[in-house]
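Next come two complexes built around chain A: one with chain B, the other with chain C.
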Partner chain A sequence: MFKAVLSDSNILKTSFDAISSIVDEVQMQADSEGLRLDALDRSHITFVHLELKPGLFDEFTIDEPLKINVDTEELMKVLKRAKSDDIVELSVDEGNLIIIFEGEARRRFKIRLIDIEYEAPSPPDLEYPTQFEVPFVLLKNSIQDIEIVSDKIVLMVDSDKFIAEAEGEFGDAKIEYLHGEKIENKAKSIFSLEKIKEMLKADKFSDIIVLKLGNDMPLNLSLKMISDEGELSFLLAPRIESEE
Partner chain B sequence: MIKGKEAYLKKLTANLNVKSVDVGRELDGSTPPSIFIGSWNYPKVYAGPMIAPLQGDTSIMDMPESWIPNQKTQEDIIGYRLSLVRGKQTVGIQDLSNSFVEKLQEISLSTKSIESEAGFGSRPRGLSFTDETAPHGPSALIEKFDIESVKWDHQLEKVYYDTDFKAAEATIDLHSKGIPFSSIQKAFSVGTMGIERNRKLVPTRWSITACDTIIADNLLKEVRNYDILDIYRVYEFSSLNNYYAVLIIPTEWQYEWIEAFLHVLGREELIFADQELNGGKKGYSSVGGCYYTCKMAVLEALAREKKQAGAIVLREAYNGYVPLGVFNVRENVRSAMNEIPVEFEDMKTALNYIETKLKLPMEKFKEASTLLQDLIRSRQMILDSFLKI
Partner chain C sequence: MTEFKSKMMYKELVDLYEALTSTTKRLEKTAILAEFLKNTEAEILPIVTLLSLGKVFPIWSEKEIGIGLKLLMKAISLVVGVSVDTVEEYVRDKGDIGFAAEALFENRLQSTLFKRPLTIVKVYQNMTRMAEISGKNAQTKKIRVLIELLTSASPAEAKYISRTVVEELRVGIGEGTIKDAVSEAFNVDKEVVERALMLTNDPGLVAEVSKGEGEEGLKKLTLKPGKPVKPMLAQLSHGIGASVEEMGTAICETKYDGFRVQIHKKNDEIKIFTRRLDNIKDAVPEIVEYIEKCLPHEDFIVEGEIIATKDGNPISFQYILQRVRRKYEIERLRNEVPLIMYLFDVLYYKEPLIDLPFGERRVILQKIVKVEPSKFELSNQVIVTPENVEDAEKLFESSIKAGHEGIMIKDPFAPYMPGIRGKKMLKFKAEPETLDLVVVGGTYGRGRRANLIGSYLMAAQDEEGNLKTIAHTATGLDDATLLELSSKVESLMTEKKGRKVKARPEIILEIAYSEIVKSPEYESGYSLRFPVVKRIRDDKSIEDIDTVHRIESIFNA
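Entry: the complex of A and B
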């Protein structure tokens, strides 16, 4: 028996907006600790982690741990139908994930669970020289600024500023932000803009992004709810400039 | 100074010294089967059959799929095409119940060449070479047109009667059943597929790119689910004064087309390129229909092998090259992908190998490229490389 009721339908919708553009199949794990998901995209460039703790739900009942394997595109098609004031109810029944939207009407969808051989990947455990917060909107806008000139983005941080910049064939762009945090090191890595855009599709999860940046290291981008009961985080492998 | 590829190709064909077939106002011949829908004056377009002044089986004249695999020469191909006399009438693209259009639909569904009789308003004249569609011979307004009874292709007929089957889905379905591209494209062009109220005539050149795009997009959806190849490969093919090298790279799907026209007209060396990253392309390609047809041919091979990879396609066209339509690219790339590839451990050695086959230095291709340059300048790491730290 598994039943999870969530009064804010945006949480799932916005999470899977990003997740479905990164991975096509996923395994969710439900147990007494909540709902969790770890996935690595097929090209091993992006890792995504979603965790929704029981306290986030209006109701969360589960009697034994459960693995829910779904096609993310199919799941997203259904989640897109959620209205923002709908209450979402999740359950599992005979090989189907049942999603009910409770609003003006009660709308019930069934999504077939799929057979996948899935070993939940574990992300590399990395130590970062820097960690800081930026407003979600700031990073999203920076990406849109950079997109005008290039499809790669350089992210840098030093003791004063967080800098996003790019050099393109026809021009350059640079965005500087005073982060106001205590950072002792400098760090710089380059990333694919397209990949960062996929992650930032989750624009309703949190207003604040926690970034961890190193030198030629993966980007650790984490969206945490203020209540600490939900987290959506990503790890993105960098691009490295060739020596020649 | 020649600006843009389209203008350049126009210039290439402007002064071709070739002759098309000579026919009178009455023509008793055979249609391969073949039809042509122009794009001029859209949505009131010139539509009509193409007929050769011959009897019997003329199917090869409108079957580009068979030319390159059967080693037809450029002269053979131009000979076929310039023997095709194009009859035309002005038709509104939605006017499918017109008995002339119904005959064109029958032609497009036929399994074999059809004996035809045509009467023209004047003696057919001229010839046509364009950048994207295959050439054809003289044309004239057609006043009288009769065809013998036609045996329909079973698959095309099924799609014709299924008036709830979307044109895009029908295109994918026919392609997966092995129906030749040129047959699918003709059916698409003459409005014998799709949801009934949406059916219409589609100009030949647009229908080619539409079919290539529909098939490629569908193949890409499939290929995205496959594991990524773990090696660099080079597939090659040469024909009709062209050399093609397809560099397959062990990354998720991304694609670049880079073509060089070398001394075709005089002493010019022109390079055109276009590319897409994993997210795909917005807007119409600056290099035209060949971008989509090459993409389709590469994805066809990846889907067959059930592998995902990126592709950088390099093409050189040499003196003697004549634009024959995008089929030329499609069939050359298909032929390349059917060859046994040479495999490499890294990008550098693969590019060094290709350079030995090119007339132009690789540096020129790099300068003109976006994606290739990006791949050389910086490398997308994978998360696995950070596990060991």
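Entry: the complex of A and C
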């Protein structure tokens, strides 16, 4: 028996907005530690990790660990129907994930569970030279600025500033932000803009982004709830190219 | 999905492809392939056999991967981290998607978080999966499955995955080499392997049975309704009298100028296969109705010719193509271009009949068919000996008069020999012989016709299935057919330089000509004078095109 009730429907909606644009099929694991998923996109460029602890839910009961395999596109279609003041209830029966929206009316959806040959990937364990926070909105805006000139983005950090920049055929763009943190190293990597945009679709999860950046290393981008009850994080493989 | 235990790496198969490409000698290719097949685990032998031919499914299978060049280029661009334009540039430069992929993968700009070396099973499963995806967003879903393969691929692996996806492997392995290699690998008689191949059209199965059960097992393989057999083919007769004389007794039949088909019925499911082994059942509903009505409710395979008519008279072959290729408005065309089926052989009725003499098969056919005049008939026939050879000549004249092609002269004592062009079945036609050749390129016209490929470069095949150019042809087509042909060739285009294009060899044209001449200009060493396109042969596949050998023998005759 598994039942999870969440009064803030946006948490799931915003998470899967990003997740469904990165992976087409996922396995969620539910156990006494909460609800969790680890997934790698088919091109092996982006890794996504979602963790929602029991404390985040209004009710979270589970007898035995459970694996829930779903088509993310189908799940997203349903989650899109959630109104922001709806209470969401998750449960499973034979072969279905059941989602109930409790609001003005009680609306119930069933999503067929799927078969996937699943090897839950574990993310590479990396040591980063830098870690710092930036406001979500700042990064989102930077991406939109950069998009004008290029489909690649250079992310840099030094002791003073976090810099996002790009050079395009028809122009350049550069965004500088004084991070105010104690950073001793410099770091710089280049990424696909499209891939970062996919991650930032989760725009209602947290106001703050924790970034870990190295030199030609994957980008570690993490969204953490203040309560520490939920985390949505990503790892993105860099582009390998000398700066043009 | 079938579970496989095999952990054989795709790299090993790629090494095989490279080894096969390194020699042009057929014997060497055969030896290399035989050695590989011998060392392949039994479980994946059928898969490896098909993949060595560049196929994922047997040719009669209705499954297809369904990824065109455009989608493949998109997948490559996403994995490598470059724009689709860059991929297109590479394809133009290298003249081949495989070489382009290889070069691009040497310098991937986008790194990955994980690498999982590809197994043969993984490649096969993802290819199968692509074929199974249909419906809404199918393209997006297919491309993801393809990307999963490409992202873990080495440059050489990317080259062959790409070529397999677009079904153009280019390692020079045809059915002939497969036959010889299977025979060599598992020490079974060549002719037994060939017969099994012709009957099942399933090289994977034939390899598997050869390994597991040897010759005895192969001999037990027989035709099964539902799976098409290679049709028995006719040689050219140089004269009715001489041919009948040589045969002793002959069954002569009208040669209909239509579409040769094999009708299969198994558990009441009907399939109508063309010579290319495509199932065209849905395009010819009236034939299906006649089959229901005129043939018994048993499992069977019968063979015949479908012709198109107008006011009861046979009309040009092109009209039947219109019908057979049709996906829409089938009902309207059904009235405009009515079809007649003429049956002439039975290969299976409750049990395989191919080893029975043709005369007896014909008697069985007559017993099981309820003829429906002008709809579902038996081929017109006479039995002749040298004494009454004039009956055959009369049949020839009346057939020509009625608008048919000529006559067939068949040995009543011969078994059905799938895929064999022998002396037991001859054709005598009124018109001069034509050649079936494949389009490998073309040239855009000038001025008003600058948007149209006006001239087509044709090729025949050599003994090893390599294509050898023989002529350019520019005449013989009406405007509508030319437009269709031009856009078809464009969709198969692999290279464009100025007005000249190269195309994937898929379109077969029947070419008439006045004379074969020696020519150093073309790869075959021969050329055609006054080549004229008679028609597009949608019913034939690349294996059916004429050989340089045959052209040589016509030249020498």
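Descriptive notes on the structure:
Rule of thumb we're sticking to: the second predicted complex is superposed on the first by the 241 of 244 C-alpha atoms of A that agree within 3 Å, B and C clash if a C-alpha of one lies under 4 Å from a C-alpha of the other, contacts with A are read in each partner's own complex, and residues count from 1 in each chain.
In this section, a residue touches a chain if its C-beta (ideal position, glycine included) is under 8 Å from a C-beta of that chain, and two chains touch if they have at least 3 such contacts.
These figures come from a predicted structure and were not determined experimentally.
After superposition onto chain A, the modelled positions of chain B and chain C overlap sterically.
After superposition on the shared chain, chain A has more residues touched by B, the comparison being chain B against chain C. In the superposed pair of complexes, A:124 makes contact with chain B and with chain C alike. After overlaying the two complexes on the shared chain, residue contacts for A:238 are found with chain B and with chain C alike. Once the two complexes are overlaid on the shared chain, A:161 sits clear of chain B and of chain C alike. In the superposed pair of complexes, A:40 makes contact with chain B and with chain C alike. Note on the chain A alignment: of 40-48, 76-84 or 202-210, the part of chain B that runs into chain C is 76-84. Overlaid on A, the two complexes show chain B and chain C touching the same residues of chain A, namely 24, 40, 42-47, 123-124, 192, 218, 235, 237-241.
Residues of chain B touching chain A in their complex: 224-225, 227-228, 251-252, 277-279, 308, 370, 374, 376-387, 389.
Touching chain A in their complex are the following residues of chain C: 78-79, 81, 108-116, 137, 141, 144-145, 147-148, 150-152.
Of all residues in chain A, only 24, 40, 42-47, 73, 121, 123-124, 192, 218, 235, 237-241 touch chain C in the complex they form. The touching residues of chain A, when paired with chain B in their complex, are 24, 40, 42-47, 123-124, 126, 151-152, 169, 190, 192, 194, 216-218, 235, 237-242.
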